[in-house]
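Here chain A shows up in two complexes: once beside chain B, once beside chain C.
== the complex of A and B ==
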């Protein structure tokens, strides 16, 4: 049994070999499948996990999903060192090598166009968090002397919270404009759920920026400077990523 | 820059990209796009149920 084919990415041929100790999805080191001058990066994966039915239930298993996502990312990361990969969405699976070749041929023009657009670019992730509780929430903790006091305190606290969100929104808009001016392209992801991320505070901006490698240092410095501008909000930078958020055709 | 690169990537940042980004290709086995979207939606419920099942490591101390 040779198994199914899991495809991580499509790239142009590259000279440098991938690091030898790289283990891919399902522990199978990635192989290169070249067709018409395009390279699909592929692992052989077992049917018991990756055939349509088991795959659907596996994806609902958080441990399995985590391991698979990290293995996928490990291969994309290694590719990013030697080339500019076009990452595919998680769990793109084909029956055999010939299925992969057919796909490469059918999408050849798209792939070449997107690879040209992304060549030499990386993605940076920037998130902005606002504290869930406004700074002056402490006043609300004072014991109200009367019902009227209570209502007044409550109004103040609600207003402080609204102000806080408004300032967060304004800061996020300004930050996004500043960073977009240096980036070639930007995408807004939905704000992350705090339960999922485990991060403190409310995520008000979850953005991805496409930046040429040559301007990455400038971009990172710009993010660092905005971090220093505010003590009310937290700015988080992730990356450099392969250009996942920009791999689809432009909307 | 090295600090950012070395820190382990948060799963949620990874899934933002792997489940919502990347080129979408209809492969031989590839799930329908709707299935992958469902995975994203289910994650919320999934993680909260995982949290309920796993007792807090500090639970016994209190």
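== the complex of A and C ==
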């Protein structure tokens, strides 16, 4: 098959073969392109979707973007099982294998440095959600007897909501400190858009933690324990991810 | 060669995949940025990410609009509006940087 080359990740050579049924973004199985002791994980993609012009409009098609992002992530996940991949951003595309080799060579030193730094580590995502519903939803529904009553109810309701945000913030800060102490590194990401995530409640903390594989079980247990500490807020754990949030060079 | 240690079972991904926001956040916005032969403007991707994160009113609406899902947005509907797009992007970037100092690192790489 001809076409363009889509690169998912760069890693060191690994012994275990990828799952045979694994397919990449355009249904083509990913293959390994080795150059100077670095491996680019590559699959073939058609020009009709991935050349410059079509790609631009494709990226704005939410269904296409979703399918492509999931397929990209599927390959990265499979790699994370067998090695420590350096994940590249979605839609990193070259004309042919030699373009990929040239890139590997040009960035060789960077790749080696980052791969060394991330070796044997994975990323865990932790999010904290607070209920959007005001704490006193029950009483607020009561019909106020007078204007003064109304104002009193309103004041109570506003105060309850403020209290809740403050407690959420305190809980988030404590949670982040606890988890950062176990993790090697941490990143705070902007809260997620509820429409995209489909998650209930307001996302008050969206963090990523870099954790050695050997300490991952401990980290997961720690998160589980904090889940039990609160009934007011929801703690959500995702992972293990490839170390996406830590793949860039340190500032 | 890498010998991965034992990992706990995946979390948050049992039922057919992680939530879309988790995946897009990572594959669009994180990871290593390399300029391939196919040059998608980095502004396009960044703007896409920012739109998804901050502005998109609803996915349903976006789907209704199909591939022109933000066609009614003057900053995006025409390639001739690069300048306006760049300005808007710079502003949004500044806002994001205030929210997330860690992002600076990626901007520099890009």
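Everything that follows uses one rule, which is that the second predicted complex is superposed on the first by the 250 of 251 C-alpha atoms of A that agree within 3 Å, B and C clash if a C-alpha of one lies under 4 Å from a C-alpha of the other, contacts with A are read in each partner's own complex, and residues count from 1 in each chain.
Basically, a residue touches a chain if its C-beta (ideal position, glycine included) is under 8 Å from a C-beta of that chain, and two chains touch if they have at least 3 such contacts.
Please read all numbers here as calculations on a predicted model, not as lab measurements.
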item	value
Contacts of A:7 with chain B and chain C, given as first, second, both or neither	both
Which superposed partner A:55 touches (first chain B, second chain C, both, neither)	both
Chain B versus chain C as contact partner of A:81, first or second or both or neither	second
First (chain B), second (chain C), both or neither touched by A:119	second
Chain A residues touched by each partner, larger count belonging to chain B or chain C	C
Touched partner set for A:239, first chain B, second chain C, both or neither	both
Residues on chain A lying within both footprints (that of chain B and that of chain C)	4, 7, 10, 50-52, 55-56, 59-60, 62, 65-66, 69-70, 72-73, 86-95, 99, 103, 107, 114, 125, 189, 192-193, 195-199, 216-217, 220, 237-241, 244-245, 247-248
Residues of chain A touching chain C in the complex	4, 7, 10-15, 50-52, 55-63, 65-66, 69-70, 72-73, 76-77, 81-84, 86-95, 99, 103, 107, 114, 119-120, 122, 124-125, 187-190, 192-193, 195-199, 212-214, 216-217, 220, 236-241, 244-245, 247-251
Residues of chain B that touch chain A when the two form their complex	1, 4-5, 9-25, 27-31, 35-36, 39, 42-44, 46-48, 50-51
Residues of chain C that touch chain A when the two form their complex	1-2, 4-8, 10-13, 17-34, 36-41, 44-45, 48, 52-54, 56-59, 62-63, 66-70, 96, 99-100, 102, 104-106, 108-109
Chain A residues touching chain B - in the complex, by the definition given at the top	4, 7, 10, 50-52, 55-56, 59-60, 62, 65-66, 69-70, 72-73, 86-95, 99, 103, 107, 111, 114, 123, 125, 189, 192-193, 195-199, 206, 208, 216-217, 220, 237-241, 244-248
